[in-house]
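We call the chains A, B, C and D, going by the order they appear; numbering starts again at 1 in every chain.
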Amino acid sequence: MIISIEKGFPEAGIEHVTAFLQAHNTHYHVANLYGRQVIGFEKELSPALVEELRLMPGVEDVIPVSTPYKFASREWKTEKTSFHVKGEEIGGNELTIIAGPCAIESEEQIFTIAEHLHRSGIKFIRGGAYKPRTSPYSFQGLGLEGLKFIRQAADEFDLRVVTEVIDLNVLDQVYNYSDILQVGSRNMHNYYFLKELGKIDKPVLLKRGMYAKITEWLLSAEYILTGGNERVILCERGIRSFDDSVRNVLDISAIPLVQQLSHLPVFVDPSQGSGIRSLVNPIAAGAVAAGCDGLLIEIHPNPSTALSDGPQSLYLEQFTHLTQKLAPVAMSVGRNLSLKTKIFAK
Amino acid sequence: MIISIEKGFPEAGIEHVTAFLQAHNTHYHVANLYGRQVIGFEKELSPALVEELRLMPGVEDVIPVSTPYKFASREWKTEKTSFHVKGEEIGGNELTIIAGPCAIESEEQIFTIAEHLHRSGIKFIRGGAYKPRTSPYSFQGLGLEGLKFIRQAADEFDLRVVTEVIDLNVLDQVYNYSDILQVGSRNMHNYYFLKELGKIDKPVLLKRGMYAKITEWLLSAEYILTGGNERVILCERGIRSFDDSVRNVLDISAIPLVQQLSHLPVFVDPSQGSGIRSLVNPIAAGAVAAGCDGLLIEIHPNPSTALSDGPQSLYLEQFTHLTQKLAPVAMSVGRNLSLKTKIFAK
Amino acid sequence: MIISIEKGFPEAGIEHVTAFLQAHNTHYHVANLYGRQVIGFEKELSPALVEELRLMPGVEDVIPVSTPYKFASREWKTEKTSFHVKGEEIGGNELTIIAGPCAIESEEQIFTIAEHLHRSGIKFIRGGAYKPRTSPYSFQGLGLEGLKFIRQAADEFDLRVVTEVIDLNVLDQVYNYSDILQVGSRNMHNYYFLKELGKIDKPVLLKRGMYAKITEWLLSAEYILTGGNERVILCERGIRSFDDSVRNVLDISAIPLVQQLSHLPVFVDPSQGSGIRSLVNPIAAGAVAAGCDGLLIEIHPNPSTALSDGPQSLYLEQFTHLTQKLAPVAMSVGRNLSLKTKIFAK
Amino acid sequence: MIISIEKGFPEAGIEHVTAFLQAHNTHYHVANLYGRQVIGFEKELSPALVEELRLMPGVEDVIPVSTPYKFASREWKTEKTSFHVKGEEIGGNELTIIAGPCAIESEEQIFTIAEHLHRSGIKFIRGGAYKPRTSPYSFQGLGLEGLKFIRQAADEFDLRVVTEVIDLNVLDQVYNYSDILQVGSRNMHNYYFLKELGKIDKPVLLKRGMYAKITEWLLSAEYILTGGNERVILCERGIRSFDDSVRNVLDISAIPLVQQLSHLPVFVDPSQGSGIRSLVNPIAAGAVAAGCDGLLIEIHPNPSTALSDGPQSLYLEQFTHLTQKLAPVAMSVGRNLSLKTKIFAK
């Protein structure tokens, strides 16, 4: 259940409500979400108790929510969540495109990409400075140096930075240099970590675990929301299956299903979601037609020398070509993809 | 490897080639595919032997094919396969829509649907007379009576019939009453059965097994092709995963991947591929944008009373609405969906 | 629900019961199982109707069964099913060992194996004459010739034959030459086929589909039982997973789980269930300790030249060694494995 | 490849070796493992370079290792790893039993269990103070208070403490109160975290991720080993599958397979590995017969009131019964399970 508190009601004024919940042995979370205080809890209270709650000062409504996640559900918040990141809307009618390399490899690499994005009319750059790698012998990312490179490149070319935070020990660093913090597939189940991300004031892009059920994914979002961070983006990136023809199987049904269950924006990563360059375009087009709110695309000036994920990275020209192909697809399902391209303006 | 025989070369004339293969212990299949005799085999022959083969009378070419399937591969046949079924092209630029109930339940039901399809400008009807059901206590289909119903309805409304054959014992029946024979997911691995379907002169729509790797699926197609039946349609219908949020996970990457590996047309079943009515539209749109050649859609005049698959069947009006939504999506990726609708003409 | 008819009650005498069920729109199956007539159906009847049924002549009991499968359930038949095949008990305290090659390759091969089994005190031989192979270019089995070879070898060395039937078109052949008919993993979902196996009077060993849920597997057994064949052996052979380290993941929990849900004997195939020779012994030992009723083991006089499944086949001496290792494991969990070995008697 | 340095060779003395590797662009890890300095790296060096290395002062051997993990492999370390924890051997001939509640719930609960373990002759207690829970509304563990309870209970009853560390922020706490630190399934892919565990001087029990391939699991162990912590225990706890009959499918083949690939001890958790109390005994017996080195068992004085994992927890008496059943199984495969039981001594 969720208790909505009236807008503007003093924070300290809800103590009688929380005391009441404690008296009835109810484990609850208070958060400040979407303009009001809200209190979420799982317990089913009796109609009489609900009525008592409803009559308390400051209580606007008590809403039963049938799903295990409360704040992430459409039952509670019926309108889609959208917000702005340095002037660019996410979750609105405009499709968001985030592109960049798997890993930041050098100043030159990231500046080349940033300039290309800028000319292609793209507003968001991605790139990992801390990379979760299966082998300790693989390139683990440039760390702080990489963060500085991507920030500088983004600032020069009017881009917003999306980058992964892999542990709380580097949270401060990543926070300082990024605009959206990405939680990777492997960390989606790391609840201690998610709780801390609920306390920050920057959006979190939460990738689906490669073996996470939809409900588990939304519960991970709930961990962030219960902390009070209302700007969560969900990102489908493919699930692990029995078939090694593709690196991951992109679960296209997750797009509409999650949008029906939750108010949060749903992005798709067709690069991770296949692992094969030649599949990125058709999968991206499919994801847009299925209604996704944004895309994450891996690109590289020279994929064959990439330190990670080369086989699934697009060449820069392929990427520009892709965005031009996606515009009419977006339009065919009532979405917009405006590319104020500067690439041919020169 | 594949040996292509010159067009028009007498069938009996290739005995020296097959004798040569036998002499070199090579297990081969001869088929008449796409206008010529072809001989497929898996063994890697030495360059010298290949040269000998190449010089034999009637031999047009000897083509190395790196995939386990030979006749199904793009390496052998680079152009896409297309063919006509009673005047309607499959595998061409026009998107094929096949719709109908999961199971034929009564004469009235199938005639209602057939008339609706006709008015919506659809050319193919589907419906099962023999149903593979997990439980022996579930409705198993009307059998021969059902086949007669769907044939009559199709003939009255200028439709082509697609229906499933579940065992060789009913092959003759199904053959007599249908235009395209469907092989269900559960029979994709039934190789004895597939061999027999290679001998018939009607197209086969081969659904992907719910746990079949792409290579296994294409090898199943190969069983049909080696029998000499060149008109195979592949149909992705969702794979089984760890997540019960959806009945099956539609593998959207299978569309472009199979189209790159094989020349055969690739269809998608978004009804089976999700099991949830509200997901059919976005998944269908996604499949079209990803480049599929056709769609199989389950519809029912009254899904709540359907004897099987009700929850994933569209209402008739929903279906018409869907096709109208799909036309611009098809156009946005350079495909066509012409609906010579008669529904508003009345 | 299941209606038990009194032992010895005339078959024709239950018409009033079936007429009553028809009058109440109940789809039912009548079978002759374990010494009495039984009628199974899925519908939940009201207490009043159940009472009416209970009072009908010949009705012994009406038993509610909560599982989708009825005749296969422990709720209906509480004692474990056991039966004899030419004097050897299956499903009793004695562990059953079935061994032999994946495919029958020659008269010599199968006689060598049969003699070895005989000397090792083994009573059952396996070997495929019709092989379901993923590729049409792979060895498909010797067919009828192979059946004759294994029958002769078995007869000479006092063995019982277990062999796979892959299609109804070869059922008569396989029936004539075998003592237990095996249904392969790929045919477990082939319901039309299973119904026919319900009509024969030889035991059926039903392998679990490589992607079958436990309930689906038991429903497949139900198809055979509803046909009236009460001697069904269930065989776990590994399920398909995301990890290609092993060919299949043997689901050890299936052994006790199925034994709790069903009265049917549960066998295990550690050869298919791993695909790696060096894992066969520990997995076999694990399966025995977990309580399985029998094992299927692939062996070959010369695995490196085997036409199929060589990497998972044991050498003959390895097999004998394995059985000697298994005897104390069986004993440690209260089971018996008596090997009246003749191998050292020479 | 792995370079072994002579025992006793000064730590500072290997700089010429590492300088050589750097000069040849090789990313390496130096560790102190099993009594000597070792240097691991992935790159394949030419025979000439290997020869140069071999001749350097202090270099004992240069060993090619074909697996992606080096220090975890049997190719490098052929003898099984064993070590003592406060006098009790792990990885030796004696089977290790670790038992306790899923979560520490109260002082009374954990003391009751500890006393019972002591009387049953068990030497290791488990119990979570920090619990990774899918829902933020579920009990998250007692934290530091719980750690103190389990430490006191263990000290009173001569037990060693195994408890989970879920984040680096609580590592110091968990380190101070435990003897073996457990890494849960969800953290197996958390490489940043694993690196830190490589720096501590207590053993780490590394659970397999619920969707981790064997190679990925061993690479996670490699992260700990490259940090210099040589005491890693691998624990199979079931993988996620398509079948919800069980919570997880215990991968029994992982036991022998990992033991063949790696020298590290392999434990099994039959409680998590099924999620069903009635399956714990047969699966535990199966795991022992398949050769596991130890078991983790969830027990609770009153499972029906447990705050987590009640359905899979054994009653205390069931647990004692289980250990008595396991002793002969262990013996049947040449292992020992000595239970210096004090339970009937009273």
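Miscellaneous remarks
Keep this in mind: a residue touches a chain if its C-beta (ideal position, glycine included) is under 8 Å from a C-beta of that chain, and two chains touch if they have at least 3 such contacts.
Just so it is clear, the model here is predicted, and its values are computed rather than measured.
Contacts with subunit B and subunit D are shared by A, C.
The pair with more inter-chain C-beta contacts, choosing from A-B and A-C, is A-B. Averaging Cα coordinates per chain places subunit A and subunit D 34 Å apart.
Rounded to a whole number, the gap between the C-alpha centres of subunit A and subunit B is 38 angstrom.
Chain geometry summary: the mean Cα position of subunit A and that of subunit C are 50 Å apart. Contacts with at least two other chains are made by residues 211, 240-242, 244 of subunit B. Residues 27, 29, 40-42, 68-70, 130, 132-140, 166-170, 186-187, 189-193, 195, 210-211, 216, 219, 222-223, 226, 240 of subunit C are the ones touching subunit B in the complex. Subunit C makes touch with subunit D in their complex at residues 211-215, 239, 241-246, 249-253, 255-257, 260, 273-274, 276, 278-279, 281-283, 285-291, 325, 328-329, 331-333. Across the interface of their complex, subunit B is touched by residues 240-242, 244 of subunit D.
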